[in-house]
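Multiple structures are listed underneath, in structure tokens.
One chain, subunit A, appears in both complexes that follow, with subunit B as partner in the first and subunit C in the second.
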Partner chain A sequence: MNVFSALKLYITKMTEESGPGMKVLLMDKQTTSIVSNVYSKSEILQKEVYLFERIDSGAQPEGLRHLKCIVFLRPTAENISLLCRELRCPKYGVYYIYFSNIIAKADIKTLAESDEQEVVREVHEFYADYLALNPHLFSLGINVCVQDLRWIPTHLQRTAQGIISVLLSLRKCPFIRYQGGSDMSKILAEKIRETFSKESNLFDFRQELNPLLLIVDRRDDPVTPLLNQWTYQAMVHELLTINNNRVDLSHVNGISKELAEVVLSAEHDEFYAQNLYLNFGEIGQMIKTLMDDFQKKSKKNQKLESIADIKNFVEMYPQFKKISGTVSKHVTVVGELSSLVGKHNLLEVSELEQELSCQSEHSTQLQKIKKLINDSRVRDVDATRLVMLYALHYEKHSNNDITGLLDMLKKKGVPATYTKLVYSILEYSGVHARQSNLFNHEGVSKITKKLFMGLSGVDNIYTQHKPLLVETLDDLLKGRLSTQTFPYLGNMVMSKRPQEIIVFIVGGATYEESLAVNNWNKQNPGTKIILGGTTIHNFQTFTEEIQSATNSITRRYRSRNN
Partner chain B sequence: MAEGEQMLEGFLCSICKTDLKTPHQLTKHFEEYHNDNPEILKTLKELYGKAKKKILKHEGSSEELVTLDTSLKYRESSLDFYYNDWEPQELGETRSYTRYFTEVRNVRLERYSAETNKLIIRLDKLLNELPSDPISRRVHEQSIVPWIDDKSVKLCPTCARSFHVARRKHHCRLCGAVMCHDCTMFLALGDARNMVNPTLVQDDSAISPTSTESRISGRFVRAGIGLSKLARSPSSGSLNSIISLVNDPSRSEQHFRLCVHCEELLRFREQLKERKLSKPIICQFYEKMRSYIDEANEHSVMYNKMCESLRKGETTYNLQDAQTLRVKIAKLAENIDLISKRISILGIKDVDNPPKGQTLKLQQMIRSAATTFLKEHLLNSKPLPTEEEYTAFKERRRKAIEDRIEHERQMEMEELQRERRREQQNREALISDFVIVSRNDQMILDKSQGWGPSSATPILASSMDPIIEQMNNLRAYIKQARDAHKYDEVATLETNLRELQSAYFAMNQGNSSDS
Partner chain C sequence: MHHRLDTYTLNKMALVAPESMTGGDVELGGLNLAGDAPPAWSDALEETQYILSRLRAKLAELKELHAKHLTRPTLDDTSQEERQMEQLTREMGRAFTSGHRQVQLIKTAARQESRASERRLAASAAVALSTALQELGLSYRAAQSHYLQQLNSREERSRQYFEEDQEFVSVEPSDSWATDLKFAQVGGSNYEQQHERQLQQEVLLEFDDEERTREAMIREQEVGHIVQSISDLNHIFKDLAHMVQDQGSVLDRIDYNVEQTQIQVQEGYKQLKKADTYQRANRKLYCIMVLTISIIFLSFLFVIFKT
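Let's look at the complex of A and B:
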């Protein structure tokens, strides 16, 4: 159950099956990001893959007959017809074709009929049809999957295919449970089962560890993607946006050219791998030791007095260079993060966000929101997310002052696209849409825990919030998850405790949830959990999803002023 | 027993007399180094089994074994935790369509290939004893491929235009169909011969691979353009034919007239043939580079192993061997660098047609891959210890081993004493234990006499002795293996040699004592 190595194995196999020789990799847009997520360029060069082509690039035919072509495509109609054209007048010597998902036999036939020059050597299905971000985290790269609270049909198709390929690449044929109140979850679950029965010979695995696929809906927990984050990976995504392991820093003032876009991949960056889940404060500490270490090394390198010194330097140089790259990268990223934190008063904002999500003190919280909205340092997005959290929490509170806060936002000059979000999120996942009680489940144990946490350290204030998913998983593993709220698909009911769980969040997962799952895996070696989502959200992408979801539905909530 | 001979005891290996301090490790040692002798291993295991059973009856002494086992396990699990907490992933499900694909393709291609083969056979027949005289040539042609009666064809079947004085009818020499002049091609006789007899083709195709495309199409000459002067060959009773006969009787002999369809099939076949033969210069360079890389990889793995072992002060490998290997790797690295550089500038000097687009990119990428390979695998390798360092390492290791033996022995002694004190009744078992140890001692002492520097100069008196011959053979093998940089084999061969030497020595000793 490691999606990252599952994909890597597939791609390694592709590069090796064609034997030695110069190779070119022919991909489409999506498979390009699938490959680039798990393989770095220098790594794949060592596999003798020297060129990367896009099938839809429409490049001029240039005879490179001495190259072997590895074709890795999604089995879409467009790709098939492009590939047919390619095979009719082949640019390369031989072709090894891999489809990332189940392909219709008729399409194979069309391809075979186009291969008049007998250039194709192999045709396979390799189920690498999703983006693996961490060993336990995958995404399908669909930022907006819902329109008017319904699936966008093409994205439903893609999502089902993605999950199918996750299951096949891990060789699992799981039981399925889904969020009872969510139509989207149910439709997806049924779509997946359809494929199970259609391709029953593919899914004929020996099952020892009771795998379970749990489909939940983002609408049940709208809070998590609204919060500012303080662990490294999540924070970078929230403030700078990670896209296919890449972070765009070109907007930062005075950035050098090689740092305009940096790659953050745990696989190839030891520092990142170690600190992915650490708090911002700890990261600062780590960066400092990294710097010290580096300085010590570079000082050692500076005095090149004897031949031995020079020899030593030459031997150390490649390593030295690598470290210097890592150092400058992380120093830049962390520097940018901390400047954003300071500039936009994020500490105070985040503290209030956490309070809003975990505690109920209506009047004091209302005052604090008002104060922060008037703070000129606070960004529009942050002011908006505070009001959104307030609206979600106190939707049914008799004295709530959503309209008043909205007026304040408008006065502050927050654009209408943001102010609209406050009602949109209630539409998207107000009390009527949620199954679980997000805010009022404060048991005694929780309060004491919180008190304890509050005492033990300052930075914990910013990470009090625990995603709803943690609770759901806890219930599930203790066998307490009600079959009413999370029914099984079909009549089958699992008798044993699941040991392998694949959680899929319709409407996008978050890095906070990824962290929670990672911790869970660390603490419970007996069970393995993999998290997936239509995408990995931050506030920005989540608002896009909400906008699309609530664009033209009849409004349940109206602001009284218009 | 000779004086000054050190008494050896403990868990000794009966063959190479190293002290392995615990039964577990001794067994392992046997499995690793002396696995050529399974019987010894078996007996050893049996002995341990018995001894262990007896020892385990005493509560106290079992402790050590248990802690050893658990400590080993603990180390493994902590290692796992260090790497990551994910069990190794196996390759996911795959499904192959290759068979179905080729089935469908073959059905389709068979039609083509049957047709093409027919044409090639006809071409062969046409070329066979082709008369030079136009009229008899036409008879020859028609005898092989029956021509369609041109009266029945009103329009050109390809371009659907009508025939008249300016657009005359022509027959394809391979299928006998009627076409207009524009829809036919000429195939030069020389090229036709090459097609039929492929051994003649290879001469130039390997040399100018870049222009294969143009060369193939150049073989077929569009009738309308290049050779418009070519007259149609004489058809019965037309005035034209008589004129052409008179005018230039030799012209049409150089070509066959083909219809576009036949031409396409033939061209297609030629392309396939070209593709199989084409191998541009970059490939040759590249293959060379890859072979160097493979060799370097092999050597560097070996080198790292040797380096590691030397740094530990072990004597498995020779420091000099490692040095020569290092030089060899450096040379290979140089070669790789050189070739990849040459690949990257391949064709740059060609001013008219410099490499561009993908070709250029390919060359650059190969170069950058080669440099990363050099950087990561070859330049990063650890330096070897110098002679002095190596002797220091050896000394340290010897010390460490001695300390360990000392420590172990002490432990053993204490253990024994404790046992002796505590368990009076089980004297029986202890006695049998001693038997084991003393038996081991016996064996070792026999062998250890023969193992020493003196045996390095074997007596060459009886050169007919099979053992000496064997030893000489071994020495030759070692030399060969060293030349081939197979240092693992050198190491094993050397131990073999030592064993033989000791056996030989022991035998000699026996002989001399007899006599």
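Let's look at the complex of A and C:
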């Protein structure tokens, strides 16, 4: 149950199956991202893959017939036709073709017909059709999958394919449970089962560990992607946006050219791997020790008096260079983060966000929101965030003041695209759309929990919020998750406790949830959980999703309030 | 589970008519002839790969010998194994040098290559090979220094017990890459020593033979050390020249590289377009110029003939 190594195994196999000789890797846009997340260029160069080409880059007249070509494509109609064209006048000597998902027989036939010169040696299906970001986290890279609260058909197809390939690459044929109140989850679950029955021989695995696929809907927990984050990975994503483990820093003032874009990959960066789940304060300390280490090393390197010193220097040099790269990268990133935190008063904003998501004190919170909206340091997005959280929390509160807050936002000069979001999010996942009581703290267990919390105090006011997913997983593993809210697909019911769980969030996961799942895996070695989502959201991408979801549906909130 | 598609590819013979196939082959074969032959530097590539595989085997062998030698009790004589080790290090040194030379060959070939994709291919092949060489070189040197360290510490320990035997400190097995050179030097110093002996025979009568030989031994050892460190230095500089280090940076991302090539291709296309428009614009201007000149000329004629 490790999506990262599953993908890596596939790619390694691809490079090895064609035997020795120079190779070129021919990919499409999506498979390029898939490969780059698991393999670095220097690693794949050692596998004798020396060239990388995109199949859609436009025809190049020059041929390199002495090369072996590894083709790794998604089985889309467009790719098939491009590949047919390529095979009719081949640029390379022999072709080893790998499709990232199940391919139709008809497509194979057209390919075979185009292979006039018999250059194709092998055709395989290697189920690497998703982006592995961490060993327990995958994404499909679909930023917006909803339109008017319904699936965009092409993206539904892609999502189902992605999940199928995850299951096939991990060799699991799981039971499926889905969010009862969500049509999107149900449609997806049914689509997946359809493939199960159609390709039943592919899914004929020996099952020992009771795998379960749990499909949940983002609409049930709209709070998590709205919050500011304080753990390293999540924070970088929230404030600087991680895109396929790459972070664009070119907008930062006075940045050097090598650091305009940095890579944050746990696989190729030891420091990042150790610290990705630490919180901001701890990161500061880690950076400091890293710097001290580095300074010690660089001082040592300055002493070059004898030949032995030079010899030592050269032995250390690659490592030294690597460390210096790591240091400058992380110092830049953390420096940028802390400057943003200071500039936009994020500590205070985040404290209030956490309060809004975890506690119910209407009037004091309302006062605090008003105060922060008037604070000139607070960004428009953060002000909007607060009002959105307030609206979600106090939607049904008898004397809520959403309109008043909206007026204040308008007065502050917040653009209309943001102010619209407040009603859009209610539309997207107001009380009517949610299945669970996100803010209801009246339940008996909740009250006792709260009492304990009150007694022991809160560890960290900036990380009080726990995503709803934690609760769902807890219920699931204790066998308390009701079959009403999370029905099984079909009439099969799992009798035993699931030991391997693949959670998929329709509408995008977040790094906060990834952190929660990681902690869970660490604390419970008996169960393995993998988290996936149509994408990994931060506030910015989540708002895009909301806008698309509520663009042209009939509004039920606006009329009442305006 | 992946092999269920193989049958299709095997069956493709039946799907394609044989005569059309051979026909296509001839035509297209002629078309693509330029890219058919492997480039000249592919020999160098294969050579280097062979060297690399041999180096790997030798390194393993050397490590094994080191381990064996370290676990055995000290013997003062240079044993069979030590000689074997010396042989191995010499061979490895030579292999490294020739490996570097081959990589250099590929690099120069890459620069002379006319087509862009060939150039990229050769460049990344060179990078791959020098990374592999670098890694091997590092682990080789690490193994050597580890061995020497172990040996020294053992000597230290044994020195404590055999304080009185200090005079007979065994000569360390040298890990020099240029043992040849060292041998030459040994001969030289021997010769020098003889020469010296002749010159100063009368003066140094009181020195007995034993003392002189010891002095010569010490000197020889020192000279050997100097030669060794110089050759080390030579190696270090060679290594520095070949050093590749962009692991972990964005340069090491496959998608970044693919994007970069695409950007370059697009840039090239834009430049071409620009050049094309310039050319066209020039032609137009040329036409205009010719026409205006002819108009002026004709009007001139018109004025002359009318008046």
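Rule of thumb we're sticking to: the second predicted complex is superposed on the first by the 539 of 562 C-alpha atoms of A that agree within 3 Å, B and C clash if a C-alpha of one lies under 4 Å from a C-alpha of the other, contacts with A are read in each partner's own complex, and residues count from 1 in each chain.
One rule holds for everything that comes next: contacts are C-beta pairs under 8 Å (C-beta built on N, C-alpha and C of every residue); 3 or more make two chains touch, one makes a residue touch a chain.
All of these numbers come straight from a predicted model, not from anything done at the bench.
Undergrad: Is this a clash or a fit when subunit B and subunit C both end up on subunit A?
TA: In the superposition, subunit B runs into subunit C.
Undergrad: Looking at A:169, would you say it contacts subunit B, subunit C, both, or neither? Reply first, second, both or neither.
TA: Once the two structures are laid over each other on A, A:169 reaches subunit B alone.
Undergrad: Name the contact category of A:232: first (subunit B only), second (subunit C only), both, or neither.
TA: Neither: A:232 stays clear of subunit B and subunit C.
Undergrad: Should A:6 be classified as contacting the first partner (subunit B), the second (subunit C), both, or neither?
TA: The first partner, subunit B, only.
Undergrad: Considering only touches as defined above, state whether A:394 meets subunit B (first), subunit C (second), both or neither.
TA: neither
Undergrad: Is A:109 touching the first partner subunit B, the second partner subunit C, both, or neither of them?
TA: So A:109 meets both subunit B and subunit C here.
Undergrad: Applying the document's definition of touch, where does A:135 land relative to subunit B and subunit C: first, second, both, or neither?
TA: Once the two structures are laid over each other on A, A:135 reaches subunit B alone.
Undergrad: Looking at the overlay, what does A:525 touch: subunit B (first), subunit C (second), both, or neither?
TA: first
Undergrad: Tell me the contact category for A:263 with respect to subunit B and subunit C: first, second, both or neither.
TA: After superposition on chain A, A:263 lies in contact with subunit C alone.
Undergrad: State whether A:57 touches subunit B only (first), subunit C only (second), both chains, or neither.
TA: The second partner, subunit C, only.
Undergrad: Would you please give the residues of subunit A that touch subunit B in one complex and also touch subunit C in the other complex?
TA: After superposing on chain A, subunit A residues 20, 22, 42, 45-46, 48, 50-51, 53, 60, 62-67, 103, 105, 108-109, 112-113, 115-118, 120-126, 168, 202, 311, 315, 318 contact both subunit B and subunit C.
Undergrad: Please name which positions on subunit B make contact with subunit A in the complex.
TA: My answer: residues 84-98, 100-105, 108-109, 112, 212-213, 268, 271-272, 275, 278-280, 282-283, 286, 290, 357-359, 361-362, 365-366, 368-369, 372-373, 375-376, 379-380, 383.
Undergrad: Going by the contact rule set out above, which residues of subunit C touch subunit A in the complex?
TA: Residues in contact with subunit A: 1-6, 8-9, 11-13, 15-16, 20-21, 24-25, 28, 31-32, 34-39, 42, 45, 49, 115-118, 120-121, 124-125, 127-128, 131-132, 134, 138, 141-142, 145, 229-230, 232-233, 236, 239-240, 243-258, 261-262, 265.
Undergrad: Spell out the part of subunit A that touches subunit B in their complex, as residue ranges.
TA: 1-2, 5-6, 9-10, 13, 20, 22, 42, 45-46, 48, 50-51, 53, 59-60, 62-67, 93, 102-103, 105, 108-109, 111-113, 115-118, 120-128, 135, 168-171, 202, 205, 311, 315, 318-319, 521-522, 525
Undergrad: Spell out the residues on subunit A that touch subunit C in their complex, using ranges where they run on.
TA: 20, 22, 24-25, 27, 32-33, 35-36, 39-42, 44-46, 48, 50-54, 57-58, 60, 62-67, 89-91, 103, 105, 108-109, 112-113, 115-118, 120-126, 168, 202, 244, 246, 258, 261-263, 268-269, 307-308, 310-311, 314-315, 317-318, 321-322, 325-326, 329
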